[in-house]
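Several structures are given next for inspection.
The same chain A turns up in both complexes below, where it pairs with chain B and then with chain C.
Coming up: the complex of A and B.
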């Protein structure tokens, strides 16, 4: 196999890797700014310089020449090379800053140049703390600047579009943002304007940087030049905890990080997963962070007569159990494509225990919303998870008629909103005892609910979602909820208490703990009141059980899914014949 | 540049500029389209033809406001942003309306040494226009330029992105302006290359008689 010697150590390689990527893959750190694995290589930041040579060969014989000591004579390129644009070839010898003073000097000088007109406003910059320029300037840069003239002033706080703000002074003109709009999102909305010391990225006159993927340039930017309108100045990076998760705004299940401080989700950024979303995240997924903080319920409630009153969890779940018991086989259950596989499975067990019927899940399809990339027509994260469990879209006409006729004496709704989705109206539910698991106080079924149970959202629970192409991925809690749930606490990680705050922290706000429970915790409490115990319990064991008993979930244990998920068997292999063609 | 060094502030371009041309005016004729297609065919992608096409548009419309850049972008099927980026990169593409005559006076190193700023100041006074601006009559735009690659005949200036005027003196400028006003083409001045010095009797200047003071010492003397 061909070999390359980097800093005196030899490495084997295959194919034609770029030197920079090869080094990064092998844990050899090389400073760089403009290079990004999924975009073209302009080699314009000049930070990744290395010294490259190859053994000298005799022109006639082709033999490698050796010096007096018998060591091969290495002939180096006359100038340092940018490793990002260099394709490794057999026998080459590479020196990074670790083994070459020349490279070290060059990298230090490049940084001195990059910083000449940089405002050095790290203390107020959102990027500080995870800024490649800051980190690399500390590590590889000069101790000070020799530039003693006035720095060039460029436009600041320019709103490039509705979601992205530019500070042109911080920009190092790496063109990552421009290449993103040219090569990845193909909106072509950005360009570098002017030249020399005056250049910076901009939209042409009259154009707003409003493409649906615009916020990706914020993560791409290796400095703090591009920041988010929403997140600007909201938190320092080290004050937040980031939890790997997936987005639940659509059926793509893009991988993301949820950034939490004091139990508020402050932003959502992409997490690389080559099989799902690569490095990207649509703006709609990012802006969904508000859903975790706003309009959240203040605890369970029971409606007596017309007024709903907050109640205790025990009393509410007890009341739910009573309603289900008296309804018996007239109890109808609506599953949810918003809820996890585990929650839906629990609902099926509850329906069994009561003797009622699972009517299906309410589809939330928004034709034309999808873009064939990371947005889908389907606005729910787990439709396939439901179908793999054998829960299908609800027959709206049938069930609307049944609800209106008063046939359904108890309606149990898992994490959805049948009124808003048009299945039934609050009035038509007058004769029905509704038990509702809900996320937001804006849920329009709430006025009809006899028992309203706040359910934990994807940022607070543990569970599995199956995306539109059959990839099972799990979420772990990113923020704490009120009350103690051992399973959730264990998954949160012990080092996290500081970031969430304790009652002794002045900035800590107790009200940020939402009084909700995961549906997989509530349902067994109800069955227990009914005198039945569901087994197994807890999301990990449930998934273990499902993966062993349901071929559509074969292998989908929490451990197997890990952080990036696994592809399940094809959808066709579990689709019952009578439902073919209905999707 | 000197002004920029003193006050290095880059302004934000007007995000919503007014349109200068009407819909009817904003077209390329069939003939122009054919020329553009010809340029495009010379390159693997249409990006290659962007500078030619901008040039053509500038000749046609006089300058390149956003609506003209958009027209070019549509014609070449390129992102508008990309065309805008190219147009702002080159000072020779005029982003705003200029005078009939655009005078680019070089004040870069060699010209500065040989009196480039004196020439600039002389023009400012004579034309009653500040550097970087267009005269009230709309005839002259006076600009500072960086090295235009004719240092050997400094101080110099370029007129309308075209002919160079070398070895400038106030008298020579008066003559040039007269010729311009009269609508006459600028007198062509060839600059001799060092290898031709022998034929020129050791002098590299064709207009040696006109500028006595600038005669290069014969090479033989220099090397001694």
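Coming up: the complex of A and C.
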């Protein structure tokens, strides 16, 4: 196998890797700014310079020449080479800054250049703390600057589009954003304007940078030149905790990080997963962060008195159990493509315990919304999960008629909104006892609910979602809920308790703890009140059980899913024939 | 006897003294396009390239790469894979104005050269990229090109030989960087003129990603001469290792600035005499022999130096484009360098960090020295910046910006030190 020697250590390689990527893959750090593995290589930042040589060969015989000690004579390139644009070949010898003063000097010099016109406003910059320029300047840069002149001034706080703000002075002209719009999103909405040291990215005249993937350039930007309209000046990086999660705005299940401070999700950034979303995240997924913070309920409630009179969890769940008990087989359950596989499975167990019927889930399809990439027509995260459990789209005509006829005495709705989706109206539910698991106070079924139970959202719970292509991925809690749930607390990790605020933090606010419970915690409490003990011991065990008993979930344990998820068996292998063509 | 031989009796071939030669009929009346016709009818493409190699012609655009060799780098012809010739007429190096003369006074020699090159490399399209500021020359070229199409000298079945070749005129938009071959191609493709990484070289991946050869105007204009009068005739003109007629663009403090055609290898002193000597009988102080980016020579360094690649390299400079700038004894070298540094600062495309940031910093430092507020340490910092820029960018603009700074400071250090504030102030009694 061909070999390359980097800093005196030899490595085997296959194919034609670029030197920079090869080094990064092998834990050899090389400073760089413009290189991105999924885009073209312009080699313009000149930061990743290394010294490359190859053994000298005799022109006639082609044999490697050796010196007196028998060591091969290495012939180096006359100039330092950018490792990003260099394709590794057999026998080459590479010196990074660790083994070459020349390379070390070159990298320091480039950083000195990069910093002379950089505003160095790190104390007020959103990027500070995870800024490649800042980190690499400390690590590889000069101790000070010899620049004694006025820096070049360029436009600041330019609103490129509805979601992205540019500070051109911070820009180091790596062109990552321009290449993103040219090569990845293909909108071509950004270009570099001006020339030389005045260069900065800008939209063409009359064009707004409003493509549905515009916010990716914020993560791509190696400095704080491109910032988010929403997140700008909201928090310092080190005040937040990031939790690996997946997005629940559509059926793609793009991998993301949820950034939380004081129990508020402040932003959502992509998490690389080559099998799902690579490095990218659509703007709609990022802007969903507000859903975790705003319009959240203040606690469980039992209607009959006024809506404002909240009840206790015990009383509410007791009331729910009573309703179900009296309805018996006339109780109807609506599953949810918004809820996790575990929650839906628990709902099925509850229906069994009561003797009622699971009517199906309410599909939320927005035709034409999908773009064949990271946005889908389906606006729910777990349609496939439901179907793999044997829960299918609800027959709306049938159930609308049944609800209107008053046949349904109890309606148990899991994390959805049948009124808003048009299944029924608040009036038609007048004779029905509705038990509602809900996320937001804007839920339109809420006025009809006899028992309203606030449910934990994806940012607060543990559970599994199956995306449109059958990939099972799990979420772990990014923010804490008000009650005590040891399962959630264990997954969240003790070390991060401070990020959620202790009473000693100046920004601590108790009201950011939402008084909700995960559905998989509430349902066993209801069954207990009904006298049927279901104790699945948390979502991990539930998923373990499902994976062992349901072939459509074969192997889908939480451990197997890890942080990047696993592909489940093909949809065709579990889907009943009579449902084909309905999707 | 100099390398240039008997230059006093030299007869001009690139810019012959023929009135109205720029008109197609006059050019044809003087045997124009006969060489092309003969080449198309009698020679195989490889033979043309072989003749070019034998002539010893080195590119006249500044880098001095052997032209025949460059032509031979073109990959074998593949059906359905287009290939292009590109003529670089984006002449914007300060002190260089020779191609303009050719385009004005003998454009058909260029066109004929282009067509011969097209034939030699078996391709049928040439982009002629002309500097945008040469607006009137562009109009002129367009008119002559239209006449050529009318006369069937270019286009479908040209000269009745069955060949089809096209010349496409493209106007630049006024950026110096477009003279760099790869950024010229980017510009031609309608993109921002950022130089490309080499390799791949243009012969593998050029315009639109297809094999491309890029030659300077004067280089291509030499092709009809070589094929018409013979490679040996050409190789016998001027300096042995860098032969041929050469257009010397002489400017600066001389009595008769202008473009002069003489063999290569002329003594610099002879050329100064040809240009009428220094203005006002002043003494020569410095000479930039090949366009603003080549190292400047002190007056005491030009004795016996001839205008060819080897001799100038020994003297510590380069032939470049042979755009010679003579500076007299009154010249303020700091101001001179300030202007040069301003040019490179203004023209850096901004792609690579060292050049984008370094050129501006250099101008700042030199401006400060010129304003009398510089420090002695600034000179060392400038030399440091040259080290930090040279050889660390995609194209050679950073080198071109660093060389004059380094060499002017090194060769005229006293001039600079005199303008700096002293490192130690004298104590007044």
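One rule holds in what follows: the second predicted complex is superposed on the first by the 577 of 583 C-alpha atoms of A that agree within 3 Å, B and C clash if a C-alpha of one lies under 4 Å from a C-alpha of the other, contacts with A are read in each partner's own complex, and residues count from 1 in each chain.
Keep in mind that, in the parts below, contacts are C-beta pairs under 8 Å (C-beta built on N, C-alpha and C of every residue); 3 or more make two chains touch, one makes a residue touch a chain.
Only a predicted model underlies this, so the values are computations on that prediction, with no experimental measurement involved.
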{"item": "Chain A as common anchor, with chain B and chain C clashing or fitting", "value": "clash"}
{"item": "Between chain B and chain C, more extensive residue contact with chain A", "value": "C"}
{"item": "First, second, both or neither for A:85, with chain B first and chain C second", "value": "second"}
{"item": "Partner chain(s) touched by A:149 [first = chain B, second = chain C, both, neither]", "value": "both"}
{"item": "Touching partner for A:158 - first (chain B), second (chain C), both, neither", "value": "first"}
{"item": "First (chain B), second (chain C), both or neither touched by A:116", "value": "second"}
{"item": "Touched partner set for A:131, first chain B, second chain C, both or neither", "value": "neither"}
{"item": "Which of chain B and chain C A:197 touches, first, second, both or neither", "value": "both"}
{"item": "First, second, both or neither for A:106, with chain B first and chain C second", "value": "second"}
{"item": "Partner chain in contact with A:225 - chain B first, chain C second, else both or neither", "value": "neither"}
{"item": "Which of chain B and chain C A:207 touches, first, second, both or neither", "value": "first"}
{"item": "On chain A, positions contacted by chain B and by chain C", "value": "149, 152, 191-192, 194-195, 197-198"}
{"item": "Contact set on chain B toward chain A in their complex", "value": "5, 7-17, 66, 69, 78-85, 88-89"}
{"item": "Residues on chain A engaged by chain B in the complex (per definition of touch)", "value": "149-155, 158, 168, 181-182, 188-195, 197-198, 200, 202-207"}
{"item": "Residues on chain C engaged by chain A in the complex (per definition of touch)", "value": "175, 192, 194, 197, 345-354, 356-361, 364, 368, 381, 387-388, 391-394"}
{"item": "List of chain A residues in touch with chain C within their complex", "value": "41-47, 49, 78-80, 82, 85, 106, 109-110, 112-114, 116-117, 146-147, 149, 152, 172-173, 191-192, 194-199"}
